[in-house]
Structures are given as C-alpha cells and as structure tokens.
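Naming follows writing order (A, B and C), and every chain is counted from residue 1.
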Amino acid sequence: MIWNRHHILSLEDFTPEEYNTVLQTAASFREVLTRRTKKVPTLQGQVVTNLFFESSTRTRSSFELAAKRLSADTLNFTASTSSLTKGETILDTAKTYLAMGTDMMVIRHREAGVPQAIASEMDRLNVRVGVLNAGDGQHEHPSQALLDLFTICTLLDPDRPRLELLQGKKIAIVGDILHSRVARSNIWSLTASGAEVHLAAPPTLLPQMFGEFVDTRSEERGARSEGDRGNHNQPSTVNCQPNRKLFLHWQIEPALQDADFVMTLRLQRERMAQHLLPSIREYHQLFGITRDRLQLCKPDVKVLHPGPVNRGVEISSDLMDDPQFSLISQQVTSGVAVRMALLYLMGGGKV
Amino acid sequence: MIWNRHHILSLEDFTPEEYNTVLQTAASFREVLTRRTKKVPTLQGQVVTNLFFESSTRTRSSFELAAKRLSADTLNFTASTSSLTKGETILDTAKTYLAMGTDMMVIRHREAGVPQAIASEMDRLNVRVGVLNAGDGQHEHPSQALLDLFTICTLLDPDRPRLELLQGKKIAIVGDILHSRVARSNIWSLTASGAEVHLAAPPTLLPQMFGEFVDTRSEERGARSEGDRGNHNQPSTVNCQPNRKLFLHWQIEPALQDADFVMTLRLQRERMAQHLLPSIREYHQLFGITRDRLQLCKPDVKVLHPGPVNRGVEISSDLMDDPQFSLISQQVTSGVAVRMALLYLMGGGKV
Amino acid sequence: MIWNRHHILSLEDFTPEEYNTVLQTAASFREVLTRRTKKVPTLQGQVVTNLFFESSTRTRSSFELAAKRLSADTLNFTASTSSLTKGETILDTAKTYLAMGTDMMVIRHREAGVPQAIASEMDRLNVRVGVLNAGDGQHEHPSQALLDLFTICTLLDPDRPRLELLQGKKIAIVGDILHSRVARSNIWSLTASGAEVHLAAPPTLLPQMFGEFVDTRSEERGARSEGDRGNHNQPSTVNCQPNRKLFLHWQIEPALQDADFVMTLRLQRERMAQHLLPSIREYHQLFGITRDRLQLCKPDVKVLHPGPVNRGVEISSDLMDDPQFSLISQQVTSGVAVRMALLYLMGGGKV
C-alpha cells in the first residue's frame, strides 16, 4: 500500500493504489468497530478540529466519532457562534486553530475551494497540518464518495474490498447532479474503478459539460424531440477519457437498465424556488426511485443515498427502509470507518 | 439485585426490586464522585448519544458528565443545528446515530412517546441499543424522579438508600401537575414506595383523572363552595389501587399538613398566556412555598425542585437557598450518580 | 515559586512572584505542546466547566483545549441554549454546575463583576472550586494579559521567561482603551514589570482617569490647542504610583516613539453607532498600525493583537501576516500553554 497525501481535497487525481489503500485501511478499522471497546490509541494527544462554516450535525458527528475512536481530542468550530461575524477572515480562523495546536482540520464551507485555500496556506506556512474537505460548495465531498465506494466494495467482497471489484459494474447516479458535490466526487471514484457510470437528471439539473467528458445528451435530445422515449436499451455512450465510462441521460430508464447500484441524491427544496423544477411531486414521478423502477435493474440491485433523505421524493419511503435494497444504514456505518482511515492516513499512519 | 431492562422509558411498571437496584447502584457511584479522580472505566470505548430535540443545557450536561465519568465517548445532537429542518424524520435521525455505532441513546422530545417509538424501532431492528427517556412531552421524565427518590432515600439512610424508607412518609407535590412529566414519573415511584402522595394545584393545573386513581376533588369542591377552606386536617382520600396512596387537592394546605417532603414544580410562564392562571403573583400567593407555609409540615421537612427555579414564584427566594430546608443542590448531585447508574445498568453492568 | 490563589479574577493585586510562577509553569507546559503526544494526566477525572454567558468560540476553544491537554473532562455552557431564558439567575446556574461536580469554572460575561460574584459565592459555600475570569464586561481579561506577557517574555528569553525581562522596555497600547478589558489587565501586568506603558487613543476612547494614575492629557490638550502636534518626542509623563510608569496620549506618535512592543486592540464596530468615532477609515488613518508608523519604533519592534483582528482597521493587513513584526500567532499558541498553567495552579498543582 502507498500513501503520500497530506491533504484530502478532491478525488480528481486519486490513483487506484490510493483508493485501495483507503479501502484496506477502512476495512481494518471496520473490524475495530465490531469490538466492544471500539477505540484505538493511534491519534492519542493529537487534535482534530472540525471547522464547519456550513452546519451539518450528522457529518460532523461522523468525523467527531472517527477522531474520538482514534483517541484524538476534538474541537468543534461552527460558524453560527463564531468570530466570523466579527470580521475575521476564514484563513485567520484556520490559522488561529493551527496556532492552538491543531494537527488536522476537517473543513466544510458553502463555497467551493475553501478547503483547498486553507490547505495551500498550511503548506505555505510549512506546517504539517492535514486538511480534509468535508464538502465545499458544489465542488467535492471526497469522504462521502469514499464511504460509498467502501460500502459497495465491502458488499462485493467483505474481506478484501478493492477498486477492481467494480470493473464492468453499471452504476446509476440519479438526481440533482448539477449542484451535487457528492455526485462530483463519486463520478471520479466510480469511473476510476472501471465501472460504467450513468447520470440521470432533468435537463435543468444535469451539467452541460463534465470535465473532459463529452455531453452525450444531444442524441437523446434528438430522440426525445422525435417522441422516441422508448429506445432506452441503447444508451447514447461517449467515452473520451481512456478507461473512464460516463453516460448522461435526461430520462431515468436508460440509467437504471441493468444497473448493479443506484445512487440517489438529495434534492434541495430551493431548486423549486429557483425555477429549476416545477414540483416535488413531478420530480418524484419522473426521477424518484420506486420498487417499480427497480424492476429495470439487475435483480440484486442496491440503492444508496448520502442522507438525509427526503422520504417520498428521491426514493419511496418503504424502499428506503427495505434492507433487501437499501444500503443507507451501511453507508453511515462505513462513514465512521472510512473517516477513521482518512484521519489515520493523513496523520502519517503506517500503510 | 436484579435488572433486565434494556430501555428506561417510564416508571409505570417499575418493580420495587428495580427501584432498589437503581438506588444501590447510584449509591456506589456517588462514592466515586467524592474521590479526586471521579472516573471509572466501565463504558470505555462505548458511545452515548444525547438526542435532544428539545434543548436543555442542564439535563444534557448531567447526562454528558455521567457518561464521561463512566469513560464513554459522547455525541451531542441538538435539534436547532440538525438535519430535521432538512426533512428527515426523527426515526431516521436515531437510525443514523445507531448506524454510526451508538451504544445508548438519551432522548428528549417535546412530544410524548418519541423515546418509546425509537426504542421500539431499535427492538424491531434487533439491535442492543438502550434508549433512555430524558423527558417526553407531558408524559414522563424517569431519571428526574429516580434522582428525587435517591435524594430522599439517601437523606433517610446515606449508607443504604432503599425504597422501603419512604413507607408511611407523606410527600406533597405542588404546582402545575397537569403539564408536568416530572410529577407523573414521581407519582409512580413515590406511590410504589408506600408513601402517601398528595398533589396540590389550582383546578386548571390538576388532572381530571390520574391513571387508575379516582378524582378526589369533588369533596373539596363541595367544601370550597361552602366557603369552608379551613377544614384541611381531614384531606379527602381515595386509594383505589392496592398499595398506592394518592390524594388530590385544590388547596395547598391539606397537602402540606404534616408533610415530610415537599416537591415543587416549575411553572411555565406560557400557562398565563393560555389563560390557565391569572398571574404569577396570585400563583405564588396561593401555591408558592414559603417559610410560613412550611409551618404546616413536619419540623424537619425538606423541599425539592427539579430546576431551574423561578425564584419567588414556585418557592420564595430565601427558602431556596436555605440548606436547612432545600435539597435542590443535592438533587443536582444525585442526578449525576443516578444517571451513571442508569447508563451502567442499561449497558449491561453487573448488579 | 509561590502560589496561594484559588481564583484568578483580576491582575490588580498580582505580585511579581505570582507573575513569575505563571510564566515558569507556562514555559514547562509549552514544552509539552511541542511533543507528538501533547497531553499530561494532571487533571484526570476532574471537570472544567466553561460558563460562557457571552459567546466566544476562540477563547472557549483555547480553554477547552488547555483542559483536555491536562486530561480534564470539559463541560460547555453557552447562554444561547441555556436555562437563563427560563428565569434562573447566574448564581443558580453556577451552583448547578458546582453541584454536578465541577472542579473549576471558566467564566465569561458581558457584565463586569460576574466572575467575582460567583467566586465569592463559592467561598461562602466553602467549596474548593476555582473560578477563572475569561473576560467580564469592560473590567478584566487576566488570561489574555498573561498570555501577552508570556509571549513577550518568551521572545526575550525562551528558556526562562520572567517579569524582570520587561524592565525598562517601552510598550504602547493603542486603540479603544476605554472599553477594553484586555487593556485593563495588560496595564496591571506590564506596569508591574517595570516597563513604561504608553496608552494612545482618540479622546473619546481614552479613560478620564485610570485607577491611581493621574490624567496626563491636559498637557497635550494644551499643546494640541496651540496646533503643536509635532512635539511628540517629549511625551507628557506622570508616575504617581511607585514603580508603575503609565503615560496617556491623544495621538499615536508619542506612544510609538522607540517602542519595543506595540499592542493593538480590537475596535468594536458599535463605537461608530455610539458616535464615539466618525468612521473606520479615519480611525485607521489616525490610530491604525502600519509599516510607516512602525518606523517610529525600535527596529526590532513587535506587534500584538488579542484577536480577532479587523484587517485594515487596527492594523494593516500585510503587517498582520508579516512574521518579522507580528506576534499574533505566537499569542494564540501561548494562550493554550498559559491557560494550562492557570488551570494547573488553580487546581492545586505543585509549583
């Protein structure tokens, strides 16, 4: 295993070896979590600071628990009670926590690029403080994508989760892809694995371009204008980057067809106010995951959602609670193990 | 000692043996709290999550400290900063913290029944996670009643606090009984002990019925309409449940007469807006605990209050601070010991 | 070394021996902070409660980290989520946390005298609970002044920081001195050291009197009315208290002239609304610390600020980030070491 990364900001340049290092390290921590005493002394005496400029109780709790189980001390900074209202800059806040003796920073901010900016400042100051992006604007949310990856790979081989297990699998990502940092990170990791990744969203919520990937919707647009909505078995495919297979769809059916995994995304209700969607009900009708729709997929298809779920919007309520299909609870559990692995690796733990 | 309870949701079905197990376990933890190092490794590596959908700094602090002194890790969820605003259900929140690896949940909610619903879900999922009701609506607040019980019994026999010590004692509960989950839990524990429990409240704040207990106010109502307010030595008594002695009064005097302990309840100021009370001042005049009123009680009477106190409303300010009468500070100290005992017992500790 | 103080409320009566005890103890803790495992078991099993009636994330984090590094458990009370809104008094809140088993209380309140009142109550109750003033109104902020002192003394002799190192040094304090608890505490410690302390502020932000010190502004007022603004080399001096050298100025130049250290203070924006200042811009022009202004000082002058900084108001933005001049980051680091020392000494640690 190899690991040379001091910050975890984006999955864009992650190598297969790095993915596998995370997966294997997380697997060993997952074993710790099954013990009665779910704690290891790895980060004893070190300080992990959660700088959450955008509030998120569940993600912060997951990181806090991961840090505590590595025996680190934790500090929580949340913007609402902060000196930011007092005119201090974000970098000043980060440097204050650095000067107090923080060893690692977990950062969430509603603007893309903030974790990167803080990481650059740490490097400029030549301090060995690791920065982990816990969600920045519509950019990336690497730990979420890594826990999704871990959840899927662990299902395929509990003892030895590894990237290669996804080769040839078909994965659908459904929902508000345009605004989703979760989708963005997942696209990097899943296409890196050799899986076929199919994105499905209403036109207003699908990016016009995606990195180096060509927009494939023109074909469907043609098809659609001809009213030919039935021809979904032959999804329009483009694969311009070697070894990355990404497909975009305006309808959900071609994405779900024979899919091994379906990832749904949280729909922010403000999209309605922004006139990007007519109504919650229509969204559920066209893009909600239901038992009926899952008939299109492989028989043993599994559904993921980053949470919190709008029941009856992105996914029908009963499906969410059905352990035959839903991996949502496993994702949360994976989250603690994967975040323990990330903090461990950033902290210079042996791989 | 016996203990087979995995959740602590209500005192309604608590047996004398269970009360005594709690009292004796709390007594041993109280001893720990007198040491310089007030910590035991009992719950090392376990996670206690405080899910406070209704905020309460003092109760949360008490549980947090109890958990820390058992060496557990703690997570705090408060509704204000939560994903509840994002459309997630309460059960979803609980299940998220379950999936993270929570071993015990301490739950407060403004609606009755929420802790019970979460406990049922945990049982349905067949997970060994204990749920403790830290106050649900106007239903129950078992840990408060147990710490009140422990405070009283410890006073009567510091070395061996036990339920039987209360046999034949007279205990008055005064105040907004109708809306009080504290009163409700205390009624179960105190009547179970064989004490005589006397409730006193204005008619608007006294329940019409109380479980299997018959309403005894009719007599007094008659007495009152005749203007006969002085005949308080002969309180109207009903005792329809074997071994449970509960008495209800519209005036405070018959409840205080020869009482060994007086429990006052917090008066929520919104009761005025709800037209259940004319004014704070009149309430204090009719139902406030004062030195004068205590003359009716036994000479060594003690006063309890679950806190926080509205000074000069439920109790006169100087009385609250008088260690000869007030047990308020001991209640807070008992709270940590009793909550340590409850977490210990729920966690499968030896009894 | 000597230490007999159970509370730390004010520096007014601190003796040189006490200052040196703090400095030496902090120096030994600073060494701990350079290790990989930055923790000592000194306060294991003890509870430090942060009672922050006025919110301050950075100061609370500093105390929380100091307590955790001494292995104490911490409780955080913040007024926004508190029972204060429920009618409880501040003393009641403090006594509740006392009864829970708090060993030390760190208190911040927007009113002067609150920590003193709580400390008196603890003494009256004859309990050995130490109270530390973490900022009370416009009165004092002793731990901030002690960390400033430690920062300066450590710069002058890293191995043996001591009060005497400041003898004969000139220190300017610039800004809103009238409303600053930081300035008030710093004046006590710095004048006690034998340094010359020069205060500079607009007339509206400078106190009319300062303890036993005579107002020296009359001379300058005269000078000013004659338009003689250039005569700054001869600052009007008064020194009525033996061994304390304090000088007050309406202009910044005489304060900066040959200064070894310059302390700037945070400007609260509400001063404008109070008509104490015409504009932020004029304030920066007249009292902001800039590279140009520092030409007046000693060549190796250093600048301090208690944070958070209003960049471009109290100090120019580039100067704040220049490690040649700015000690701001060292102050934050000193803060943790000094607060560890204070908690250690209050807790009865050997000196």
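Definition applied: a contact is a pair of C-beta atoms (placed from the backbone, for glycine too) under 8 Å apart; a residue touches a chain by one contact, two chains touch by 3 or more.
A quick note: this is a predicted structure, and the numbers were derived from the prediction, not measured.
**Q** Which of line, ring, star, complete or other matches the graph of chains that touch?
**A** Chain contacts: complete, every pair touches.
**Q** Taking all residue numbers at the subunit A/subunit C interface, are over half used by both copies (same) or under half (different)?
**A** Because under half of the interface numbers appear in both copies, subunit C and subunit A meet with different residues.
**Q** If you average the CA atoms of subunit A and of subunit C, how many Å lie between those two points?
**A** Chain centroid spacing, subunit A to subunit C, equals 44 Å.
**Q** Where in subunit C do residues touch two or more other chains at once?
**A** 78
**Q** For subunit B, which residues count as touching subunit A in their complex?
**A** So the residues of subunit B touching subunit A come out as 44-47, 73, 75, 77-78, 81-83, 86-89, 92-93, 95-101.
**Q** Please name which positions on subunit C make contact with subunit A in the complex.
**A** For this pair, the touching residues of subunit C are 33, 35-39, 55-58, 61-62, 64-65, 68-69, 78, 80, 266, 269, 307-311, 313, 329-333, 335-336.
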